[in-house]
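Below, chain A partners chain B and then partners chain C, in two separate complexes.
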Partner chain A sequence: MLRPEKKSVATLFVSRKTWLHKLHPFNKLAYILLTGVVVYLGPAEWYVKAILIVLNLGLAIRGEVFKATWRLVWRTLLPLAFFMIVIHGLLYPENRTILISFYGVHFCQEGFLFALNILLQLTAVLTASLIFVLCTHPTDLITAISQAGFPQSLAYLVGSPMLLLPMMRARIRTIQDAQRSRGLDSEGSFKKRFLALFPLVAPLVLGSLVEIEQRSIALEIRGFSTTGPKTSFRTLSDTKWQQLLRWAMLSVSMLIIIYRIWK
Partner chain B sequence: MAQSEKISKTFSTVTLALIAFAIVLNMAIGQLVSLLKLPIFLDSIGTILVGILAGPLAGGLTGLLTNLIWGLISSPVAAAFAPVAMMIGIVAGLCAKYGLFKTWWKVIIAGVIITIFNAIVAVPIRLYMFGGITGSGADFMTAYMLALGKDLLGSVVVTVFTSNLLDKVVTALLAWGIVKALPERTVSRLSRIDSVAT
Partner chain C sequence: MPALEVSHLTFTYPTATRPSLTNLSFTVEAGELVAVVGANNSGKSTLCYALSGVVPNFYRGRYAGSVVAGEMNTTGYTISELAQKVGLVMQIPANQLSGVRYTVFEEVAFGLENLGVSRSEITERVTAVLAVTGLSNLGDRSPYQLSGGQQQKLALAAVLAMSPSILVLDEPTTFLDPEGALKVFDILLELKQQGKTIIIAEQRLEWVAEYADRVIVLANGELVLSGTPEEVLISNIIKEIGLEWMPYTRTAELANQMGLWESDRPLPSTFAATVTGFSNPEG
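Right after this comes the complex of A and B.
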């Protein structure tokens, strides 16, 4: 049985009433693109990336999502930074200049700087994407997709997984419990555990696949595949200058890309 | 006109419901499989299933959207690997189209092909965006290869290929087994079912 536990899955979205939250989702997406292009194809100097990071953190403060941004950046990048600095500091193939040396192990400058550069790039792109993720209600994104003239089906594909996920998780718990109570061997040898894979996965997938038919009939009944314009419950503010801003960011990104290919 | 007709046939309402379900499956299955403590994540099983059942276009879309939505609900890093997931769906769909999902040993070949194309897209992303390190257990492998004197590209290629081979082959086999076990009435609603011998 499928029992919905919660109505929808928790996204990273933080509900506030700032201008960043009201900004059209596509503008925030274009900003991620622009940041990515500048970071990876723009000037190689480290301070360009540092300026972008400061700018993004500033935006996060204006959007009142600084705490969440800060926490997510550390959670994502701390393990990465640890592996990156240790592995490249010790093993980067172009290591020459020894910074620290202990018991015959050399920690080198080239690998360290390489790791720092990668981490700066990642932080810049990550903070830009977090501004989008934290300040955009998923429904706004879905509304934006369908209002921009993309097919209604695309909006459905972005929206419905978020509603289905809690149900799927509930179903997985049921299967886990059922198989455990039947004596599924999750402690045994590699071969035993390997053979247990199919009986664990098959009921989940088969059960859901059969349900798809009902789901699609439900969609059909509600006129999902009809053509013609559809009215949306939510409206998004999309002013002239917002559209201008969007196109400006896209054009600058394109120009940088073309410039790099040209060179 | 023919092209748009083809697209609307690919994306019938059943296919849409299938894709939506497959996206959720990709995201949730890790929780189920973790019970067995195997070095397998199965996070592309939905993508491969859609590739088999609805073709390369739908498969690619499934992979792409899985990682983008993942980026929205847990960590934006997943979104960076969206092109990889898309490639998996496209290649799985093409493998099915050319009859590689008919017998078990052909399915294993399909799994290997998927792993190769997975590496072709994943290696540049891992290398240029992440400097070869992603903060997971696979990093030890990269470190080991580097310690053996391989260059960064070589180390990342070896890591991506070996850490995915078992997972993708097992995923392909499971997807094939599941499609074969589908009841007739569901099967008849899906367009590309001929790609699997029944």
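Right after this comes the complex of A and C.
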């Protein structure tokens, strides 16, 4: 049988043959939910979040996506961490204990710890989400949604943005090349790059709107709206154990939510 | 019974002031390869949409007359239902990709999945159309990694997989180099030999001359001429509607004025006829 090649050109997905890749997409989604519920509604202690982060990084190693996870986490969180630590360290309303004082500006412990806590929460959810994105083929997600009995249009709505990304990239490159050939300078300083965005965005948006119409026709002529039963060429493994695991994660999530509401 | 029957078809897009198609009537027999030629905005694409049911099922303008494919009147069926009878290949192949399939193989399988075809039959049919379109070795490639020509073949393969008996192609060679265009036409010829009915909107008259059984000429949405390529492509109407005669025809006409082409010999529409005309002036 034909298999997708190793390197994904379309999405962040990294093609590997690990058990994490084979796991049903809904299980990975349930894990994101559980992680989010635990870090935001579960025990407030920092080490709970730290344990989850370590667990997620361990999963990333098992899924052979650790490098990609690490790279994306840093790229996403480093600028965020810088601003959050500075802003909360200086402006957090409960700031009392001064750690650093510089010309009358006080950087305080309470704000610093508050920012760290938020960063831990974000890291835990981000790493769980990255495991999902890096180890789940978009087509598997679409197939899972369809096979679960949801409307085909919902599956398309969820899955298509991930797979249409390369086409958008190609279009952006074409527009950039066209604008550059007409003398638009999109290299150099931040200001120049920022100003070069406007001639890029307008044709991109208008082109995409036209394309929506064409794509709708393309889907129709491929039988997208037929009402009869549909089949799937891709097969997803969804064993009893996987289903049990999924329901366990969903149940724990619900219990935590109910506990928090009741409490 | 004709494979396709168009009767007094008139269509105006919702926001347009004048019709894109006006009182078109013609038939296409099963196994025929009919080319539709015309200048830009002559109504070729709209006709392709009308033959496949996109007009009036998707573009709901002012519609009169009828298009009957086999026994299916296009107004009585959805586009998806008609797709199993009439396959449409659009002008820009990238826009015909589903956007939700990761490999060429799965992209071709997409339509069959929607029709509820079994997994084993999907494998069989997709493998067969990939072989016909010369994409067998690209089955595991991402559709977005393909060249324009390969994407055009993929669009054709995706439609063929659904086994329509009628194929409608809207300028399928627009983005192809001559070699790519030749490959597409060779595939069409093979499909014609298998019994498919093919209607192709095309501006490259040299391909039309070589491959079409019959040519329909549109101008401002009206059918102005119909006949064999030999009759139509050397007609003055071709020049009047904004198209050019082919270089062969122009050369022979010039030769005729210079007394180098026999006046009673018809002007040629193909390279072979031109060579014959010049090499055998008496014949």
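Just so we're on the same page, the second predicted complex is superposed on the first by the 193 of 263 C-alpha atoms of A that agree within 3 Å, B and C clash if a C-alpha of one lies under 4 Å from a C-alpha of the other, contacts with A are read in each partner's own complex, and residues count from 1 in each chain.
Following the convention adopted for this analysis, a contact is a pair of C-beta atoms (placed from the backbone, for glycine too) under 8 Å apart; a residue touches a chain by one contact, two chains touch by 3 or more.
Since we're looking at a predicted model, the values are computed, not measured.
Contact with chain B, but none with chain C, is seen for A:209 once the two complexes are overlaid on the shared chain. Using the contact criterion defined above for the overlaid structures, shared-chain residue A:83 touches chain B, although it does not reach chain C. In the superposition on chain A, A:138 makes contact with both chain B and chain C.
In the superposition on chain A, A:160 makes contact with both chain B and chain C.
Once chain A of one complex is fitted onto chain A of the other, the partner contacts of A:115 are limited to chain B, with no touch recorded for chain C.
By the document's definition of touching, neither partner reaches A:250: not chain B, not chain C. Which of chain B and chain C touches more residues of chain A: that partner is B.
In the superposed model, A:148 makes contact with neither chain B nor chain C.
In the superposition on chain A, contact of A:224 is made with both chain B and chain C. Touched by chain B in one complex and by chain C in the other are residues 9-10, 138, 156, 160, 164, 211, 215-216, 219-220, 224-225 of chain A. Contact residues of chain A toward chain B in the complex are 9-12, 40, 72, 76, 79-80, 82-84, 87-88, 91-93, 114-115, 118, 121-122, 125-126, 129-130, 133, 138, 141, 151, 153, 156-158, 160-162, 164-165, 168-169, 172, 175-176, 184, 186, 190, 193-194, 196-198, 200-202, 204-206, 208-213, 215-216, 219-220, 224-225. Residues 1-5, 8-10, 137-139, 142, 152, 155-156, 159-160, 163-164, 166-167, 170, 211, 214-226, 228-235 of chain A are the ones that touch chain C when the two sit in their complex.
Those residues of chain B whose C-beta lies close enough to touch chain A in the complex are 11-14, 16-21, 23-25, 27-29, 31-33, 35-38, 40, 42, 45, 49, 61, 65, 68-69, 71-77, 79-80, 128-131, 133-135, 139, 142-143, 146-147, 151-152, 170, 174, 177-178, 181-183, 185-186, 189.
The touching residues of chain C, counted against chain A in their complex, run 49, 52, 54, 57-58, 78-81, 83-84, 87-88, 90, 92, 94-103, 105-106, 109-119, 122-123, 139-142, 144-145, 158-159, 162.
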